[in-house]
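So, here's a batch of structures to check.
Both complexes shown next keep chain A, but they swap its partner, so chain B is in the first and chain C is in the second.
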Partner chain A sequence: MNPLVLASRRPVAVIARALALLFLVSFLFFPVYWMMVTALKPNQQIFVQFPEFIPTHPVLDNFKRAISQSNLPTYLVNSMITAGGSSLLTTTLAALAAYGFAKYRFSGRFATMNIMIGAQMFPFAVILISLYPMMQSAGLLDTLTGLTIAYVVFALPPAIYILFSFYSRLPNELIEAARIDGASEIAILRRIVLPLSKPALISVAVYSFTWAWNDLLYSLTLVTSDNLRTIGPGLLLTFFGEMQQDWGGAMAAAILASLPAVIIFAFLQRFFVAGLTSGAVKS
Partner chain B sequence: MLKTRTLDAAQHRFGFALTVPALIAFLLLIFVPFARSLWLAFNEYLLTSAEPRFVGLANFVRLFADPGFRESWRVTGIFVICTTSITTLFGTTYALLLNEPMRGRTIIRAASLLPWVLPSTVTALLWSWLYNGQYGVVNAVLLWTGLIHQPIFFLSDSVGAMIAVISAKAWLSTPVVMLFVLAALQSLPQEQVEAARIDGANDFHVIRYVVLPHIRKTLGVMIILQAMGNLQMFDIIYAMTSGGPVRATTVFSIEVYRRAFENWDLGMASAIGVIWFLTIAVIAIPYLRSMFTETHGS
Partner chain C sequence: MSSVRIENASKAYGGLKILHEVSVDVADGEFVVLVGPSGCGKSTLLRMIAGLENVTSGTISIGEKVVNNVLPKDRDIAMVFQSYALYPHMTVAENMAFSLMLKKASRQQIAAKVGPAAQILGLTPLLDRYPRQLSGGQRQRVAMGRAIVRDPQVFLFDEPLSNLDANLRVTMRGEIRALHQKLGTTTVYVTHDQVEAMTMADKIVVMREGRIEQVGHPLELYDQPRNMFVGGFIGSPSMNFLEATLDEASLTIGGIALRRPETMPNVDAATVICGIRPEHFELRDDGVPMEVAVVEPLGSETQVIGTIAGQSLVCILKQRLRARQGEILYLAPQTDKVIYFDKSTQVNIGI
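Now for the complex of A and B:
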């Protein structure tokens, strides 16, 4: 139990706290509520100056339209492939490297790792300026493979840092004992280190998945075919057009586009929160 | 007692080998492209040019003479400072409030992270709808309470568009600050709070003299991380306003995107990128320094 900070029982203090909480809870939750309410309303109830706060006749038309009249299902599948693939790739690369940096001694390891961690300062758009022609000459432009590989840029440096912090705290005695028993280095990694680091690996995987899932900049630039688009640019180009006024459909599509990440997060939240707060990351 | 064996050369080589795949990925995908972009800043490189042509500092001279660039500097500053302050204030207050025992606290905490999990285009769509000029709920509330008499077309107004993107980004990041501050409050020493109360401290005194010094380091890291993230913000702003109306929300990221991928002027885009990177670096140095001490200290 955390120690009590706001303890005053004076009516003014109690009311002020309640109002502040009400304000912040509304600020955080009302937009989500409004997204759901709008998605459930028929158009004639959406396009009014004073909307109803509780829908009297909820309908699912907007969801049906969002699925049938846009490429949303394709976008979702593409996002799953690229975000899932890059999350797996980033976590694997970062786990191996972080363990190597944390538990072995070889020259130049601090310098190398600090440069990798310091790369969090590099603006993604500046990297993209030169990554784009490189992807082009590798024939990876406008492919899901190319986008998956490019997404490694986002989370690799923080992932190495988070996992390095984790492996540094792993007791050396465990590894030493296995070595004395004659276990090879690979066996130690596979049978002892990786199983022990499952929570940290999950939190890094969720973290890099979220970065890729949320992306707009790289997907907008590196992919141009509509059937290869991910949800970021997909939603943008479908629902932000000049003529676009389908707010009900847009909110329904927004809900559908959010569901996979929300479900994954709900299941893995426990690991994720602990892992995230143990090593601070950019948001 | 067993003597700890020192690792032999083969084991060190194994350790190094583990870092090689990440090192290759890092060099190919991050370091080389970034270094090349830095070099492009000193070149003229347009869609029409076959090869980059070295021009020295000419791009920077042109940039500093360009009022549009000074404008994007100002816009970036306003966006970063406002968003970072609001997020820090809201997140810290929210953490203090959720720190108190109440029913359903665990669920509220977990659910509060929702804004952070939503794809940024969804956040952008959602806030564009809330701020919609004709049918937006923000206008409905303002009209209904009598604060305004005519609906405001937020996204086509230069101040309104800035308010809209700042609220969307603050909404997205407040939960993260809340989470970190809440984690820091867990180690707040109960005795210190009680001792202060015995000395007659009220809630404000406790916050000012006990809580804030205790969470100072966490808050510092959060502010730096927020500022770094906000300096890099692209998705939400681009989706909501594309940097407009005119240039009212054209932050560095949008300026670079436009010059690089709409005008294909890679030299100028990179020159802005260099200045952008230096701005981030100044903010990031204290944070990186603490990270480096940690990596060396272990």
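Now for the complex of A and C:
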């Protein structure tokens, strides 16, 4: 905000506003801050009665342990495969479905779409209960393919919805002009619709990627072999057991695990915001 | 180039009928304008010619071929949309070349088509720009360029000028007309603006509520409207409609009996509606008294708005005059120019 604008306001209002923002920011970022601080402390310093908010003697031992002791590289690769795969699959399926729902007239299209979007109403733990026996009978339990499909199941409805609202806003005349210009339906999708929906597609891809990356429950339930674990359950089971609780190591590993998601988000957030808000206001 | 023939075409959405057995012939190279108030079905008819809407019954032919079941891309037509529908992620050159690219034309072929089309429309310096970097008139030209490049049998225009400001509209009107004269391509043009229709068309098709009211040359419609709707729709300011009674010797408007004109259709004494164009009045002492509401001096002429026997009226007089509100002017219609309509059917009884 322009400092002149701030100065022209009443000081009490300015201070109240600043405090409110500070509270909100600390509420959101304190866990992240605490994760970083803890990762830099030796384990015996973590449980002292008066913890240090800024570590006086930061150490990197936790990071070394996180890399050497755990299967971190394997977990990272598994997460990349499942999150990346489900993100790709979700975006592709959602783009096709949403475009169909938005731009083609066929009987029962609203009913079909509402049923698909209605799937979102169920808590994801509930979906998991019905998903488990299906995965079992399909022989997909304890496989990365099965886990990827499970992520798609959950991410697809909101993805369709986001893209549906985007495509509904895309002028029909563009599609009709392309149709008259001689484009087939596939060519229209590939050369007109998809290039124009890049922001929305990226936001859907980021959304489904982060969802899968952050998952704990599905992965913990559907995958049991250690070499197939994704980052969340992998770290949990490495650093916490019946006998041990290595908070420092866990926090260091958590930082390493968040990095890819943070990097992706930082690069694509411009599109992400544009994609989510597109259609909200008249441009 | 090709002719377009529409025979008994109907369009219905479910039970709702939008077009009722419409027939229009567009000759090879002709510029035909479909005009009518919004909701009259003109755009639907155009979209049916384009193949964007299917035909419920009847046939549409382009050239000799019935195209009812032919896909838009195989109809060899080009369409200019009201919103221009330029592809936002492509440059002007790419927009114009898109149809050729889809046909897998070579780079040389594309350049050979896009270059001259851009030249004709003055788009050469803008070829590398994106649509968002263009003004409304330039976008309009790109949309036309995209159509020209196709070298189609028929051009279809769907209200192409309604998003432009008034001055630009007049300019673009001339450009489209000039383009038609240069290329000679059969054109079907939809507008709700009767001035556009009058100034551009070889032939006007006036539509209302899914039916054709009259087809003809612009001045034919102006001089001999088939009914009150066409009379009122074509021409600006609109034709005046005054109720009058008729007997063997005279025509009485507003209580004043005028001599029954010799051109008068042979109808029995009755109440008729006189359709009188604003310019077909003159000031005359033995005329009908009009109470003046507004006088608008336009320099070359004077437009006067007022009432005769409670019926409102607009007239355009050649002379300059000063008259205040409430003043009485005596007006006489040029009786040989008056058009007579049946009061109940609203049909022109002179033809």
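By definition in this document, the second predicted complex is superposed on the first by the 256 of 283 C-alpha atoms of A that agree within 3 Å, B and C clash if a C-alpha of one lies under 4 Å from a C-alpha of the other, contacts with A are read in each partner's own complex, and residues count from 1 in each chain.
Note that in this section a residue touches a chain if its C-beta (ideal position, glycine included) is under 8 Å from a C-beta of that chain, and two chains touch if they have at least 3 such contacts.
This structure is a prediction, so every number in the text was calculated from the model and none was measured.
Contact with chain B, but none with chain C, is seen for A:V153 once the two complexes are overlaid on the shared chain.
When both complexes are overlaid on chain A, the residue A:S130 reaches chain B alone and has no touch with chain C. When the two complexes are superposed, the chain touching more residues of chain A, out of chain B and chain C, is B. Once the two complexes are overlaid on the shared chain, A:M251 sits against chain B while remaining clear of chain C. In the superposition on chain A, contact is made by A:Y99 with chain B only, not with chain C. Of the two partner chains placed by the overlay, only chain B lies in contact with A:M35; chain C stays clear of it. Contact with neither chain B nor chain C is seen for A:R190 once the two complexes are overlaid on the shared chain. By the document's definition of touching, both partners, chain B and chain C, reach A:R179. Legend: residue contacts after superposition of the two complexes on their common chain; A:H57 is shown touching neither chain B nor chain C. Counting contacts as defined above, chain A residues 176, 179-180 meet chain B in one complex and chain C in the other. Of all residues in chain A, only 171, 173-174, 176-184, 187, 191-192, 195-196 touch chain C in the complex they form. Interface residues of chain B facing chain A in the complex, by the touch rule stated above, are 2, 4-5, 7, 11-19, 21-23, 25-26, 28-34, 36-38, 40, 90, 93-94, 96-97, 99-101, 108, 110-122, 124-130, 132, 134-135, 137, 139-140, 143-144, 151, 171-176, 179-180, 182-183, 185-186, 188-190, 193-194, 197, 202-203, 206-207, 211, 221-222, 225-226, 228-229, 231-232, 234-235, 238-239, 252-253, 256-257, 260-261, 266, 269-270, 273-274, 276-277, 280-281, 284, 288, 291-292, 294-296, 298.
Every residue of chain A that touches chain B in the complex is listed here, in rising order: 1-8, 13, 17, 20-21, 24-25, 27-29, 31-32, 34-35, 38, 46-51, 92-94, 96-97, 99-106, 109-110, 112-132, 134, 149-150, 152-153, 156-157, 160-161, 164-165, 168, 176, 179-180, 185-186, 189, 210, 213-217, 221, 231-233, 235-236, 239-240, 247, 250-251, 254, 257-258, 261-262, 265-266, 269, 273, 276-277, 280-283. Residues 50-52, 71-73, 77-79, 81-83, 85, 87-89, 98-99, 102-103, 146, 150 of chain C are the ones that touch chain A when the two sit in their complex.
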